[in-house]
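A short worksheet on the structure shown next.
Chain nomenclature is as follows: A, B, C and D, assigned in order of appearance, with residue numbering initiated at 1 for each chain independently.
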Amino acid sequence: MATIVVDVMLKPEILDPQGKAVAAALPRLGFAFATDVRQGKRFEITVEGDPTEAQLAEVRDAAEKLLSNPVIENFTVRVEK
Amino acid sequence: MSLDTVAAAIANPDLKQPYAELGLKPDEYASIKEILGRRPTSSELAMYSVMWSEHCSYKSSKVHLKQFGEKAVKTDALLVGIGENAGVVDVGQGYAVTFKIESHNHPSFIEPYQGAATGVGGIVRDILTMGARPIAVMDPLRFGPADAADTRRVLPGIIAGVGGYGNCLGLPNIGGEVVFDETYLGNPLVNALCVGVMKHSDIKLAKAAGAGNLVVLYGAKTGGDGIGGVSVLASETFESKGPAKRPAVQVGDPFVEKVLIECSLEIFAEDLVVGIQDLGGAGLSCATSELASGGSGGMKVQLDKVPLRDPSLSPEEILMSESQERMCAIVEPSKIERFLEICKKWDVTSTVIGEVTDGSHLEITFNGELIVDVPPRTVAHDGPVYNRPLAKPDYVDEVAKDVINPPLPTNAAEIKEAILKVAATPNLADKSWVTDQYDRYVQGNTIQSQPDDSGMVRIDEITHLGVAIATDANANWSYLNPYEGAKLALAEAARNIATAGAKPLAVTNCLNFGSPEDPGVMWQFAETVRGLADGCLEMGLPVTGGNVSFYNQTGSVAILPTPVIGVLGVIEDVRARTPMSFTDAGLELYLLGATDENLSGSEWAYLHGMRGGIAPTADLQCEMRLIDLLLTANKESLFAAAHDLSQGGLAISLIEMVLRHNIGASVSLENVGISLLSETPGRVIVAVEPTKVSAFQNLARVKSIPLQNLGTTGGDALVINDATISLTELRTAHTETFKKLFG
Amino acid sequence: MKIGVVTFPGTLDDRDAARAVRAAGGEAIELWHDDAELKGVDAVILPGGFSYGDYLRCGAISRFSPVMEPLIAAAQGGMPLLGICNGFQVLAEAHLIPGALTRNQHLHFLCTDQTIRIENTETAWTNSFRENQEIVIPLKNGEGSYQCDDETLKMLEGEGRIIARYVGENPNGSRNLIAGITNERGNIVGLMPHPEHAINPLTGPSADGLGFFTSVLKTLVAGGAK
Amino acid sequence: MATIVVDVMLKPEILDPQGKAVAAALPRLGFAFATDVRQGKRFEITVEGDPTEAQLAEVRDAAEKLLSNPVIENFTVRVEK
């Protein structure tokens, strides 16, 4: 069993109201570290055994078709040990 | 872990069992042993402990709640009474309506969003279980002070949760309450009401009749959600530092529930079930024992057949799990194929987990081993009954001596200041910040919703038949006098539907109190139930169901006694309802009902830090004449508008009326401070066309309801004597409060 | 004229859309997401709701329903297709119209009586309106903020494909106050607010929404979308 | 400038309706690779310069207080190059 992680983030030019709300809330709680915050989605996909290249290609395909909307989002796929 | 079977219980009778940790008292444990003639298995112990919890067994309240049955008027309108999942009322034309309120207070304090969401989900399943299509929800809520840090944590989450779940189910939210008071800090109240409609022939009951019939579990898979959750949780007082325990939180899946509703309605439409029960508090323990005891008692269940989300769950946990969005149906073998087919169409997991037998025991096996063998009634209905000690608390007579004399406005400047203060105070301010997060339009039948006196939905598009519902509680009055407080809340809810022209038919309630182990709280509770039962008897309204929530307290400080009363009424033609406000200038404004000088329990007194005094006495005969008048006037189209007076008195009712359609009014008042701020019950403002005034005056005379001319509608300001408050200014004061507080 | 109304699991406003079709004088035909057939309808409405719970992204899962295949083909061939709210999101996910609907800027679900201005009265769904007519219909959603890149926005503005705009304060952060857009041909329209909930002042803020449904009937009588 | 990533996932025992919906949709699109899918949130926080240990501790504090709901969620914090 392994976990494939797909991270989906809004493209930089697309407004991210959730990230903005977090960025605005942090200083109100006394946290001054952030110059910017973006919020996206993280998918943890469990697969049987070690992921093969073919499987990763399939995941990439699924990420493009279903897990993300290419009009507004980018994604990355990686295997987590 | 080894399986604790019935055989093991017999073989090893002296095993130490953690009954105390599960919330059972030593004598309760002893009586379980007596019922079974042996020690319970761990699965049986789990079942008894959740089913005998305060939340599920009503052990402290039962002896009092009996009055609702005993004192009740006999009425043919009641098709199903107290005892089933929800009462059913005949509303004519072959339609029946079912409605009920439940609380989800403690879970909403721990996880506001999910607590509130699953509260809505639970009450909706109760309504669905009766065979009805859910058609609307309401949400009476109570919070700590509006500016308290914890209120800022809790309130937005609860509102988002109520909306998130209800909106996704496609149920219009047609009303509710948002009230703030110190005593709810740490004890927010989340009460949720659902109303559903069906044809008489569609009524379903929770009974497992007919040996050989199958027990089907359908809906979501079972996980570790809220194991010992609602039931045990709702029976524990929070320590002042915070929750005593942080058990697994139940997470709602409104999409699954929406599909479950549509799937169930299709199943009902084809008449495929003999009995049905939703899974709520106490999960399968409750559903199996209630279904079995609703029939002859015999049922066999194979617990290992239950589809699991978490395969590591033990049988005890499966029995106690409060995973949401599940239902249990009893289906004849000849109909099972079609039943499963409909589930498949909706992608709903469904599994036959057992069958009805001609025995008298509920027998549950796990991988072939018998782990539960009980008479189901002893689990579901014969739980302990407590006659808890009660004593009138000292505060009652103490605070009755308080002199309630807050400063009252007299000149123009003071009147204006008072009006703007009333308009803006959180308890009376505009609640759109909340209600705009709720879908009020979905299903296309909403006739009235916030900020109207009551919610109203059409139930037949051809005949225009509709129902109206209002919920009310006046905890300030209940605090001063719980007996009168309950009657006054009943009267107010009834009045709130009558202003629109709907005839009150039936009552539901949610009784929110502190710890029943405190004799003072128990006295408040007993007085409340006595007041409500007497009030319902006098008004000829049956109580069709309800819910009790105890242990709403932090340390030794209980919440104000908060009986939320819901009244349902019927209106033959929703098109002819009387609206809450006017759309024309030049109408005459009248006040129906007499105003007295008592400010005890009023918002104005509260704003001046005064909480004592003597509550008004409910005059239900007068309230009934007033309701009669409102209904007659509606039939004869005498009113352009009618609006109830309650918390905030005439002041807030005028504010709400002028802001509704942005048409001002000019009124002149003697004894202006009292006139504006007294909350004397039994009063309504009406707007009347000049040509109809004399007919209306006649009617008021016939019904012996005093009336007083207030002034006329029109202009772009609210003018009171020589004080002028522009509508713009008034609107800002009224609508900014929530935005400022909650963003 | 037969107007199909699609029900996905989690669709909420299908009965309302059908009621609106009937109120306008059309015949409403139920279409089921899992059946890849259009039952000979002349136009289709994708109604509002929370199909598949709006999980993942609104409309993302329903977009792959079997019914979508013949529907996409028919719409590309010129059949009138209206997506309301969740339906608009399905249209965007299916790339039948450009852009995407994202979280309301204020992050709340918002239900309000919204004034919109009809700016393109030539589409299959808006030809009963007067140009720049202002109407009031319910807006109710959590993810109604229309977003697209600058180039797309320029194209939509340039080609007059913004069919309706919010009037007054921006209710959700949509670019250029966009409430609804159309495809090049004017047969496919995506609209965030809900005309089907404004067909009778008894149950909605107005009867202004009826125009969308009378428009499509007019279009069909005249022989389809131009 | 560096990016600190905070991943927030529902605790394993908590129902994840979104992940479940995705897991059910994948096979309908012909993707058979997943035995389970969980959906969570990913925050990308931009900070000036190289993140210090103190800063990371602050981010962890913020993750606990604001970015996650400890009643139902777990989180991890890491620096992304």
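Structural remarks
The rule is simple: a contact is a pair of C-beta atoms (placed from the backbone, for glycine too) under 8 Å apart; a residue touches a chain by one contact, two chains touch by 3 or more.
Since the structure is predicted, the reported quantities are computational estimates derived from the model, not experimental observations.
By number of C-beta pairs in contact, B-D leads when B-D and C-D are compared. Using the mean of the Cα atoms as each chain's centre, the chain most removed from subunit B is A. If each chain is reduced to the centroid of its CA atoms, subunit B and subunit D end up 37 Å from each other. Once the centre of each chain is set as its mean CA position, subunit A and subunit D turn out to be 8 Å apart. Distance between chain centres (mean CA atoms), subunit A to subunit B: 41 Å. With centres set at the average Cα position, the gap from subunit C to subunit D is 34 Å.
For subunit A, the set of residues that touch two or more other chains comprises 66-67. Shared contact sites, meaning residues of subunit B that touch two or more other chains, fall at 253, 255-256, 347.
Contact of a single residue of subunit C with at least two other chains is seen at positions 52-53, 55-56, 61, 64. Arrangement of the chains shown, judged by which pairs touch: an irregular graph that fits none of the line, ring, star or complete shapes. The complete set of chain-chain contacts reads A-C, A-D, B-C, B-D, C-D. Against subunit D, the residues of subunit B that register as touching in their complex are 110-111, 114, 220, 223-225, 246, 248-253, 255-256, 309-310, 323-324, 347.
Interface of subunit B with subunit C (complex): residues 160, 163-164, 167-170, 253-256, 258-259, 262, 345-347, 435-447, 458, 461, 574-575. On subunit C, the positions that touch subunit D within their shared complex are 52-53, 55-56, 61, 64. Subunit C contributes residues 9-10, 12-13, 15-16, 19, 34, 49-50, 52-55, 108-112, 138, 140, 142, 194, 196-197, 202-204 to its touches with subunit B in the complex. Those residues of subunit D whose C-beta lies close enough to touch subunit C in the complex are 17-18, 21-22, 25, 28-29, 39.
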